Each structure stands twice: as structure tokens, then as C-alpha cells.
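Shared between the two complexes below is chain A, which has chain B as its partner in the first and chain C in the second.
Up next, the complex of A and B:
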């Protein structure tokens, strides 16, 4: 939620320390460079070393910090600059002490070292940065860097002192968020200077920078890659050359959706079938799954994800490391190639994307000492565990929570065919609750008919209608249960096209909308509309009605220049229309999705 | 009394929570007396002394402890429960951590049973259990030091809960400006503390106080405010919309804060919040953090019912049904801010806090 949260230690999970935290800053490393800087400007340096750790957290966690007035802090310090009170004597303002010292130093720097020293100071800052960068990436690295920059930017003077003080007084793990634009610019300039200095300095500095780079890379890796935009001609050409499946792009495309891929249907399947035994790099299980996606045999977020993971399990089982290569890198590359193939068959759903990230993460985390057999069995069991915990058991928990919201006499509405919702309805029926279901369906997929068949088979009282009658039937409905392909970070529900319509109509009738979604499908992306990221289906399906061959008015429309058919697969429902999201972490409001993504993504969502 | 007997409501789950609130009020009505008698008769059933810890013959009973804490009228029930549970830990004879936890759970269950409709009691007990037992140090230390650690955390939790009102009062001072008009509903000790503090710091404001039928708790609140020399205007509940134009902000307490960020409070709060929202007046809720409950009502009927018979003063024919629910649910979109001892929060933060604590 915000950056002032304390690091998660054992104590006090409930009382949040407002503005104070206990991370003992590791000042020892930045000590010597500080000496250098400070010796330019002031007298004794060691105070910086001793100040913070001892006087860490003397305030009780519940106390609200007194308002910080910069003038109050700066002025007594200017007076006492010559003496340094021992750390123990200032228990009430532990955090401000080091601020004050640095501020004093900076203040004096502003006075004394203004124009003559930037070059020299820049050099020191470079050395400092390379020293600081070998400190493990904790909040401290930025602290020490920010600490010293104001000295370089001598023009800023008092203003920066105040900001810096405020930064340090609200010490947070990621100070980067608190730095102002000016400070960030300064940071960049200093980094550029550091790079130049590093080159001048030679090997030592560059080694240290090298140590810094993997951390940044890791951080970058965690940010998901932006999707490829298909209206960029050169990238499309490049992708085509690398493609396994030869596809022809559809010619008559809607202008607004040119950034999404669309291919001529009916051309891929025969070609792929003919190549079944030729495609050497592709594992047959993956190939099979790809074909199933293409033909639409496997449909639905969970089903696709499980099929893909099981295909990967097979592939890993049959995998053997080629000589001269490491298992981790080669296997990751292979999985990458399988994934590109699957993307060409059908663009990935968000659940599949998350599962692939999990798998690559596990491969990367394999200890190097493992033998190939052990590594493969490890991965196999990891995938099994993922499927079991994140999908199967998660569904059980969701069902358990959701049935508490169904009472006798309810009329439940559902749209399309969601596996989670189906399980909820069947379980509620087993528990003996008296309710009836309205199944809303829509062309061209008509997925609701499958759900209808299964529900009626179990003896549930059902009504079936199409989405154009939604406002007609909504007044009878007491609850709406929807499934989701994913829930995004701003609470937007990304689901089958038509879901947004159902949710909005329900909202206007004051019917609560409950979305059932497993937590592994959550994504940190934010999407404001249904256009920027979507999937385009086969447009010809719109113009044809199965069983009604006489409706052929639009045959041959693909050649018409003025008519374009659009078949969207997904849409985005804003969070205002959703009352509650039922996940395996319990029932949460849509605003809590980023909390779950943040708190548990690293630890639990993936592992 | 004939008029109460005429009330045709077949269910007899008179919410003890709302009865005891009347006990703290100077307003004594005929039906209150009847209920008090009923409650006294009921208590031995509702508070099973089967919560006797494994060692037989020990006189310590968590319910007794609870009752003794509750005697202080200013102490919230949940805080009394928390103190009682802390006493359980102190006096327990268990020798292993598992035994201690089981005993604690039993005590907590019996306390919750005492009044099944009180949300803050349930929430307080649950939060206490989570807070106290959620320390990984329990696995490493030997039993006695772990026990003392637990006692320490329990005491701390008790203290935080006790001090919660002071903290909330301090936090809300910035929101009360000179010359403002505040509308309050029901008798919330937290809101009273807020207003008391504001009055003591010489702020000039006036208060519109609703009557709060059927408890008529508003009368008690207006008494208290008059003692503080705060100008008070008493309204009947139906006059809320009429006077909302002159009001600058609405201040309510909460019986429980639910996961969606909404609150469950005395009947009439939802109404007031709706009117305030449609007239763009902020609605502030003052609630201690131990009231955060893991409930998620979707609408008014989705909660455990808490009924309270209403005394209309005239006999009601038996054919006429009476709506006796004592509380309603205000959804989060009508609330502006929550003042808690964790700080000034927006309603969406409640789930944030609960996720952190429970998962």
C-alpha cells in the first residue's frame, strides 16, 4: 500500500509502526567515504557510524511521531556543530540525529564547497557509489547514496536538507519513492559520473558495478515483459521469421485492434498436422497441447494452464542436457521455445503466463549441485505441487467460502462457463441449499450450454437465456457469480467478453456481484479498458450461425473494404461493479488484490 | 409487562449486547427491566462454566474474570474479554504450549458464546488469539519463557486496546474545526471521548444528536455533552435529512468493522450515511482496531441477526409484525474515513490489515 511499512519481523504484526522502523542501518561500509567527504567540510566523522544503530527504535510503536519541523532541527544543530552529543543522549530523536549531522555537513558544504568542488565531489561520489553498491540491496544503499548527493548539489542548499530530512525521518525500505524529481536527476547524473569514473578507475570499480548489475537485472526480470504490439511492422517480420507455425495474417482488420494478432483461421491446423512428425525441436506433448488450443478443444483458464503444465512435465521428463550446457539455462531456453509455439497457436492467458513465470523461477532456483535426474524430479514435483495447491485446493477453498454466501431461496445468476462457479453451485446443491440458477449465455461460443447441461444433470433448477435479455431477468436475481480469467492490480476483472455487461446491469439493480478467482491468476498489471490488451477470435464465426445455413447474408464479407468483423474474447470489468472477490485467501474487496499480489507473490503465489 | 409480551416476535434471541448497553445507561424503561431479569436468568445457561481448565477443582473461571472487568462502565466489552483472556494465560496450569493454546481457545469460545451477536467481542477474541500466538519465537524458547512472552504480548494488546480511545481522540482533533456542526448517532464511548477532548481543548462546535430509538441512547449522549458545555441539539431520528444541510460532518462509532471496510452499527447509521453521502457531507467512523472482524456482509440481511424488542408505549396487535433488528450495515462507499488506533484509514485499508494479520 505505501512505503512506510516496517520490515516484517516477529513482533507486533498488528500494530503498524507509523514512521519508525527497526532496520539497523549498516553504516560501517559508508563510513570511510563519509570520512573523506566530511573531512572536506567538517570535523569528526565517526558520529555517523554510532548514531543510528543504538538509537534505533526507542519510541513505542504506537506513538504518533510529533510533527517534524525542519527549522527546529536545523537550528540547534548549527549551534552545536562543534560538539557531538553521544548517541545515548538523544533518545528522542534517533532518526533525526544522523539527519542533522548530514544536514549540518551539507549545510556547511553549501556554504564552503559550492562551486569549486563539484568535480572532486563527483569523483568521491563515484567511489562512494561503487563502495555502496556492494552493500546488498537493502533500503540502505539508497540511503547512503541520497545522503551524500545533496553535498554535490550545493545549489539546493537548505531545501534539499529539509527534503532529505523528511526522507530520512520517514525511513522506508524503498527510499527511491520518496526522492523528489530533482534528487532523482541528481542520482542519474551522479551515476553517469560514476560510470565515467569507473571507466577511469579501471577494473576494481567495474567489478563492483558488475556485482550491482545482477540485482538490477533480477528486479527487471520480476517486472513482466510488455506484450508485443502487432502493428509494428518490423517486429512482426522478425517474429514471423522465428515462428514455428506459418500463419497468414488476416487482411481485413479493425483499425482499433491492429496491435493484436489476428490470423486467417483454417490455415494453421492442416499445416501443423502435416508437420506432426517433422517438428524435431518440439516435444510431442507440447505439440499436442498446442493443437488442442488451436482447435478450441481446451478452453478456460484453469484447463489450459493445467494442460500446458502437464505437457511441460512430459517434456522435462524426456529432457536430457546436451553436453557443454547447463541444465538451468538450456531448459529455460527450451521452455521458452515451447512457449513461443503455444503463443502462435493461441495467445497465452494470464494464468498460463503466471504458471510459466513460476516454472522459470523454479528452474532458475535449482541448486547447481543437483544431478540431472534429481533436478528433473524436483521440477516434476514442483509442477505437481503448483497444480495441486494453486488450482485444485484453491478451488476447494473458494467453494467453501462461496457457499456461505448462498442461502435458501436465492436466485443465482452466472455467465458463460466458469469452472470455479460450477463447483460452487454443485457443492451448494449437495449441501441441500434450495436455490435456482439463471445461466446467461452469448454467441458465438455459447459456452453456457455446457454448464447448463451439467447443472441440469445434477438436478439443479435452471433458467437459460442470452445476454440480450439480461436486464429483463435481472430483477429476479439475488446474487451474481462470475468467473475470471484474471484480476488485475486495480481490481479490474479481466474475463470473458460479456462479463462486464452482466456486472454493470447487476450493479444498477443493486445485486451483489461475486467473482470467484484463484489467487495465482492475479496479475500486477493495470488495465483501464478492454482495448489495450485483448485477444481476437475468428471473425467468421460471427457471421455464421450453426444449424441455420440460411443466414448467409455476410458471406464473402471478408473481402469488403468497408465491413470489418470483430470477435473479442475478453473484456475488463471495472472494480466498482464488483462487490467481492472470493479467492483462496478468503473473501476480499477488489481493492485488496494488490495487497495479495504484493505480500504473497514472491513467497506464496509462486512457491 | 403486558406491552412487551404483546410483541409477537417468536424468536427469543434478545441480544445481550444491546441489553448491557442499556445497563450502562441511566435510562431505565419498563422493558429494560424485564429484559434485565430475563438476562440474569439466562446467563448461567449462556455462560457455561464448562470452560473449567483441565486441572479440576480450580476456581478460576474466565467468565468470572470477564464479568469483573466489565463492571467498569467505561471499559468496552471486547477489552474486558481481552483482559480476561490475558488472565487465562497467566493463571493457566498447562505445561506445554499446545495445552496452553487449547485452553486459550476454550476460554475464547466460551467468552464468545456469552453473547453470540456481539461482533466486537468475537473480533476482539479472535484478534487476541492471532496476535498473541503469532510469534515464531514460541517454537524456540522453552515453555516458561514462551509463556512469559505470551503474557507480555497479551498485556501489550490489552494496553493498546485500552489506550485506543485516547489515540483515536487525538487523531480526530485535526478534523474538528472551530464553528463546525457535528452530527452523531447513538451512544459511542469513542465518539464521546473525541468530543470531550475537542471540548477540553477549547474548540467551538455544536452537536446534533439523534434520539436513537429504541434504545434512546441519544438522550444519554446529550446529557454527557451538556455536562461538557457543548451546545447540543436533540433530533428525532426522522429529522436527519431535514437538518443535514446545516451539518459539516457526521461522526459515528462502530460495533464492528467488516472486511469490505463497511461498518456494522446501531440501526439508523446506514440511513444517516446515505443522506450524508447524497448531500456530500463526510462520514467519519471512530473505531478501535480490535473491532476489525472477518465478516463480509453483502447486504443488510447477510449478517447474524441481533434483535431487540421495541417498546412502543402502546399495545401492538399481534397481527402486526415489528422489525426488531438492532443494527444495520453501512457499505464502505458511504464512509469517508475511519479513525482507528492504527491511524486515520480509508475503508479499503481494513482488508489490508486483516490480510496481514490472518494470513
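Up next, the complex of A and C:
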């Protein structure tokens, strides 16, 4: 992995030298695993955030201006590497492409070299840390090291020259600024072509993109990893071997949903309970949350996410770095194992995925100088901040926005039980607005009854009905408020199954549909239907109707090969049915979701 | 007469207490009741048809009032009235023409074709032109008959009165047979509409749908069926079990998952409660949602309906007027919310309302096709079928009888 990734981080020879050779000292300092350093070095967000405006903005018009948290929370290291991109771009003339391959090879060699002699570079980091002005020094050292390699030496000299030059210039104003946009674009194109050519030659990732690099990488990263497809036998087998929970796969699965996990219910819980003391690596708090997911005691996107984060908080509190391991690496692995345990209990929601991404990012970004104790308290407060800012505060903002959309005499319809919508309704009631709520519910979860009870308890005038009566009740409704499990970047609202039906009927009755969703649940994934990605619930709950013993047609014959029961958990509401999405960033149309995903994702990752 | 009265009362109570449900069962019971009413009715020598019509209307009114949303009752009453008018007309013409037996046979044949075959009696200009002199003649002849009877030829009169009643009863029998056998005729068409490897979706439970699907299965088509359970009756479960027992690949889904699944469905096949004259459909609650989802995904929405479901009325606000509320305990368990139920807000309205309608209206523009026992029709053609089945005089059943 290192060998593959390292060259990519160092696209241009000069950059490579700097960006690359500043890394090993890092490792020598606190010794995190190399892949972490690289990912951290090359991770797109910091680089983009800190690259000078010229690099960030001119190259990709869609990029957002650098946010306010400029370089404050970034180590000097990264800033250096970022600042070197602009100069790197300018000297790479098309003529030097021929060197590219060699340079890349050299770069890989350099990885080995540098890792073999970390001590030799130790002085570097001190210089780096002291001030940004020490960068040329690092540059020089890199050259000196690299000079051991026969290839590309001539260019190295040039690189140093450029670096020096760059240092002399005000560092923010790079050479690149002087070139026109068209020139830069041409250069970029040429570089891309070169890269393609290099790849065609079979040379692993020899890029020559200079300032363009972060964006390109960024874009690559933005494409979400394909999820585990459970009809892929080999991967399922692999996953099974790792699994903590022994699950028997449901035998009669609906053909259309082979790609989704479905297990026999009722087998996991007792087994897990019996394993309580055997599951050594699992922290009890995580274990508890997992069991709660499994039994359905905690459900709802926010509740699950908060429970998970708090469990992780506990786990981090009790964590101690084993000897000869680094905190960042070991803890990430640990969190990873927790997460896979939780996935075994119940597939992650998208909001949880985002929260985990945040946490891992925070761990990776922990300043290496911190002691273990400090790092742990840092993470603890980070998680607290995430919960507060992204969930609790976000809900407050959503409530503030949404309440403005409720006026006296309104009849509001809500489906299922959404915590955000509930808060909106309660707040509107507290403000003394006169309105009526229609709670629409559906089998098998009947979550609406809980919401109904709470609303009636607060003295709100409620009407309760089931989803089939939606066209009957929609005549009198003036607004529809819906919660969401996630909002995807094509505007699709991924939510409790039935939401799409409600939104569709509301649309056909020309009733506005307002979706309340915190921005941390937004995701860059896209989805067109409810089949490609979904969650399957326990099919047996379909056959029994609660409180209706007279309905027992399916009792004996449940889930044979010929007669199957399907219990979908989510569905995808097309964006045409959504009038407005109320988030913590304001009220936006569904078409603006990708904007929020793009613009605020970094901020949310880095808080 | 007391015999019929008890029978009528029995059915009325059944209807009132909603013990008979399902349009087919209701239709059959109504037709059988009307048959016995007619057969037990003492027909006066004059105005036989009028008497019969009057009697049927009186009973019909009672039945309709017992369950106004069960449109099949009204449909059958109107059908019987139409039969009486038709028979009266043909008896009159035959008596005028003096060729009893032949016309009787012809009549029988005609009724059959109306009910079963393709609409052979097309509304051609020729038929319309033919009709007017015919009815005039009939009028004449009946007057002739009156004067003839006045002269005291009782044997003839008895034969004639017996003949009208007999014809009517025979026609009603045919109607009952039609209702009983409509499934087979509808099911026969299934192979032309279902192809191999198709995925169908159905909603709730309908005998017609079950027969329709099973007929295709028997013809060795292999296809899958998604059955939406159809809360609050959950009859989809029963349908799914039946289909599974017949070897059809069946999947039960919740009603809320209809939208999610419909993108993979090739056709929606549903049975309905009633078909209105404009081509709209009254169906189990939730059907409109299914139809909208089908429209969104351009999935054909096919309605299978027997002849007794054709209602000659045009719907006015059917969501409210042709609907009824079922027991709230179907949604909230008894006692579960009992503490909230009594709570009132300041203005005296209860804080918690539970809405549990039984029916749903699907407008004609969402219906792709009707499969009836006499073939497939567009929603726009339904009014034409209705003109074949019902006489225009009977459309306002209640008003006429009350006035």
C-alpha cells in the first residue's frame, strides 16, 4: 500500500521530495504507521484547505474557498507540503514528462530509503516545526538524500532551485499566479495526459500534476466505496470468518435482495449473550450498544449515532496503547473492529457511517506530539463536540427554521416517528401555534404510536391513521413534515419505508413536503431506487399483526421457498416529491444537497 | 309475502351489521333474495311489469339503505329492474307478434349474449331506429291486451303473467350464474396479459385476482407475485397463502413498501370493490397510493372486475361519500390509548382522532385497463358497458322510490 500510494502523494519531483521527505521525520518522531502518515499527508481535505487560493480556486471552479480554519489546526508539516504545490506546477514543462516515470520510480525508492534511515532525518522535523521558513532546509536535505539515487539528479537541482525561489517569494504568491488561467489549464491537461500515458506503461501512479493533485485525489476520494454486496460469495465467506457474531443466513431470501445481508433472527442474541465474557477485544459499552441495536431497543438515526459515539467515548477512555504500538494506528484498528461488530448487529446507518468517518479522521489527525492522555481527552471532547454541534445544535437550528413554516390552522402530517419532526411540532406547540397533527403509521414497527402518545401527552390535537388511508387524509393536510435517515447527493431522501408513498401522495395533492434532516446525515452517495441499497428486517414480524390474533393466515407457512415475506426498512424518495429540505444550514431545495455535501463535508470532518 | 319479508329483513340486518362483505357475496345474496321476492310475488293481471318493478324497488331501497357503500346491492337491484323491463318489453312484442316460443328463445339468447359474449348488441343506428316503433307497438299491444283481458280471457292472461315472471326468474338465474362464473371468464384472459418471468403486484385480497393469477399459473407461466398485505384487513396474507398453496412464487410485502417495490413490477393487478361509471374505481383503502406509484413508474394498473361491480353512478367526492369508517381498534389496540381517548381540548373536541376508512377511490386516469368477463376495456369505455347493463330509468333508484 505504501509503495503504491507514496508516489501518488508526490506527483511532481520537487513536490515529491518535499512532501515526501518531510514525512519520514514525522514518523521518526512518534512513529505512527507509514500508511497513516501518507494518508494523512495526502488526505485531500487539509491539502485543499490550505493550498493557497491560487491552487485551490483556479483549478477547480467548484471548489469552495478555503474555510476560516486555515492552518491553525494543521501541523506545519502539512502546510509546507501544501505550499509547495504551486511552484511545483510551474516548472513542470511538458518537456520534463519523460523524466516522470523515472522520478516516480525514484520516489518509490526514496520511500524505502527514507524509512530505512529515519534517524538520519530526525533533525529535519525540529527545523520544520520551529518555523515555516525552515522548509528550504528540509528541501535541501531531501535533495541530499535523493542524490544517492542516480536517476533524476539533474532535475533535483532544479527542484531545489524552485523551492528556494518559492521561499523567496512570499510563499502565498507563487509562480503559478503569474501564469494565466488558460496556460494553467493547458498545463493541467498535459499533465493529465502524461499521467494516463504513464499508467498505460504500467508504471504505478506516476502523477505529474502539481497543484492539481489534491483536487484530483479529492475527487477520487469523493466517490464512495462500494458497499459490501452479500451476493458476492467469496467476500461473504471472508467476512464470516472475521465475524464475532455467528449468524445463520436466512434460507429463503427474496431474489431481488440477495445483495443485502439477511440473517435468521433470534439466533444472534442468545449467542452473543453467552459470549459476553469471551469477546475479549470488545469494550463492554460497545457490546451493550450492539446488543441494543440487535434487539431494536435503540432505533432512529440520531439515537443510534449518539449511542455509538458515546460507547466509543467510553472505549477510548478505557483505552491504553499497547506497548510498541502507536495510539493512532492501534485505536483506529480498534474502532474498526468495534464498527464491524456493530455492523454485525445491525447494518450501519449512513449517519453512523459519517460519524465513524469523522472519528477516524480525528484519530488520524491527532497531533503526534500529544501524550496518550491528552490524545484521549482530545478525542473525547471531539466526540462531544460532534454530538453537540452536529446533532443537538443542528436539531435546534432545524426546529428554528421549521417552526417558521407552521402557521395557525395548519394541519401537519408526519410519518412514522422522527425525532427532528417531533421537536419541531413540540416547539411550535410551545410557541402557542394552533395546529393539528396527523400521525401516519405503518406496520410492522408502528413507531407512530409512540410519537402519537408523546404528542397527545403534550396536548397537541392529533389524528392517527395508517399509511393506506393517506389519500383519504391528505385532503385536509396543509403540510407534510418528514424525517430522513439520510439525504443523498442526488436529492433522494433515504428514509423509513413508506416515506416515499407519503411524499408521493402529498405531491399528487399539491401539499408541500418538508424534510427535516441534519446535515451530518447527508451523503455523497446516490441512489435511484430502494432496492440497490436497503436493509432487510425480520421477515417474521410481517406474518403476525400485533393485537390482531384473528389474522393468522401466514402462521404455519411462514417463509417457505415459495411464499416469502419481505420486510424492507428503508425506501428512497425521489427528489421531485420533496419541496424543501430543512437542515442546520438552512432550508434548501433538494437540488442543493450536493452543494452542502461538497461545501460542508470537509468542515464536518474537521469540525 | 311474509316469507320474503323475513328474508329481506335477514339480509338487511346482515348488511347493516356488515356481516356480508365482499361485493360478490353481496351481489349473489341480493340476486337470490330478489329472485325469491319475484317468485313469491302475486302478479296482478294488469301492469305486471310495473308491479314487479315496484316490488323490487321497495326491497332494493331497503337493501341499499342498509349498506349504502356496498354498491353491488344497488347494481344488482338495477340489473334485475333492467331485466324486468327487458322481459316485459319482449313479452309484449312477442304477444304482439304472436310467436311466443321463438321470441322466448331469442330472449334467452339475448340475455346471455348481453351478459357473457362480446357486446353483440352494439348500439348501432339500426337498433336505435328499430327500437322506437317497437316500443310504440308494445305500448299499443299492451293496451290491446288490456282490452282483450277486459273481455275476460283469463287463461291467456294467466299464461302471460306466468310467462313474464318465468322469464324474469330465468334471467335472474342467469345473472346469478354470471356472477358465479365471471371469475373463469376473467381468468381465461390472464394468459394474454401475463408473460413468462413477469413480476406482478397485487393488493389486498380478491377472489377474481386469485383465479386470474392461478389460471396463468396453470397454463405454465412462471411469474412472481408481490402481495401487499392491505391493512387494516390484512387480507393480502390470505391471498398470499392461497397463491403459495397453488405453487405461485409469492412474496408478501407491507403496504408501505409498495413504492419501493413497484419499480421492479411489470404489472399491477388488483380486484376492486366497485367500478364507477366514469371509469374510476372504489377499492380497498390504500389502492390510490398503489395506483399513483404505478403511474409514477409507468407500470400498467389493471383492474379485474366482474359484471356485478359495474356501478352506473358517477362518483361525487367518493373519498368521503362512498366510504365508511371502520373500527379504530383495528389501528390502536383496545385499551392501549384509552387514557388519551377521553381527553378533550379546550373546545371540547377530542384530542385524539383515529381515522380508519375502508375504501379508497382511484380516478380513471390512473387505471390502465379493466378486465371484465366480456373482455378488456379502457376506463373511458365503462359508461358504454353500463348503458348495456342498466336502463336509464333505474339510475336514481332511491329517489324514484321515495317520491
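The rule is short, and it goes like this: the second predicted complex is superposed on the first by the 375 of 607 C-alpha atoms of A that agree within 3 Å, B and C clash if a C-alpha of one lies under 4 Å from a C-alpha of the other, contacts with A are read in each partner's own complex, and residues count from 1 in each chain.
The rule we apply is simple: a residue touches a chain if its C-beta (ideal position, glycine included) is under 8 Å from a C-beta of that chain, and two chains touch if they have at least 3 such contacts.
Quantities reported herein were computed from a predicted structural model and do not represent experimental measurements.
**Student:** Would you sort A:364 into first (chain B), second (chain C), both or neither based on which partner it touches?
**Tutor:** Neither: A:364 stays clear of chain B and chain C.
**Student:** Please indicate which partner A:526 is in contact with in the superposed arrangement: first for chain B, second for chain C, both, or neither.
**Tutor:** In the superposition, A:526 touches no partner, neither chain B nor chain C.
**Student:** Would you sort A:392 into first (chain B), second (chain C), both or neither based on which partner it touches?
**Tutor:** Once the two structures are laid over each other on A, A:392 reaches no partner at all.
**Student:** Have a look at where A:467 lands relative to chain B and chain C in the superposition and call it first, second, both or neither.
**Tutor:** second
**Student:** Check whether A:534 is in contact with chain B, with chain C, with both or with neither, and answer first, second, both or neither.
**Tutor:** Second partner only.
**Student:** May I ask you to name which of chain B and chain C touches more residues of chain A?
**Tutor:** C
**Student:** Name the contact category of A:449: first (chain B only), second (chain C only), both, or neither.
**Tutor:** In the superposition, A:449 touches chain C alone.
**Student:** Looking at A:551 after the superposition, I want to know if it touches chain B, chain C, both of them or none. Which is it: first, second, both, neither?
**Tutor:** second
**Student:** Hey, what residues of chain A end up touching chain B and chain C alike?
**Tutor:** Shared contact residues on chain A: none.
**Student:** Of all residues in chain A, which touch chain B in the complex?
**Tutor:** Residues of chain A touching chain B: 1, 10-11, 13-16, 18, 62, 64, 405, 479, 512, 514, 579-580, 585-589, 591-592, 595-596, 599-600.
**Student:** What part of chain A is in contact with chain C in the complex they form?
**Tutor:** Chain A reaches chain C through residues 254-256, 441-444, 449, 452-453, 456-457, 459-473, 475, 497-498, 500-501, 504-505, 508, 529-531, 534, 542-543, 545-548, 551, 553-554, 557, 560, 562-568, 571-572.
**Student:** Touching residues of chain B toward chain A in the complex: what are they?
**Tutor:** That would be residues 127, 130-131, 134-137, 157, 160, 163, 167, 170-171, 259-261, 289, 294, 296, 298-299, 302, 332, 341-343, 348-349, 351-353, 355-359 of chain B.
**Student:** Please give the residue numbers of chain C that touch chain A in the complex, ascending.
**Tutor:** Contacts found on chain C: 224, 226, 229-232, 234, 237-238, 240-241, 243-244, 247-261, 263-264, 284-286, 288-289, 292-293, 296, 319, 323, 330-334, 336-337, 340, 343, 345, 349, 351-357, 360-361.
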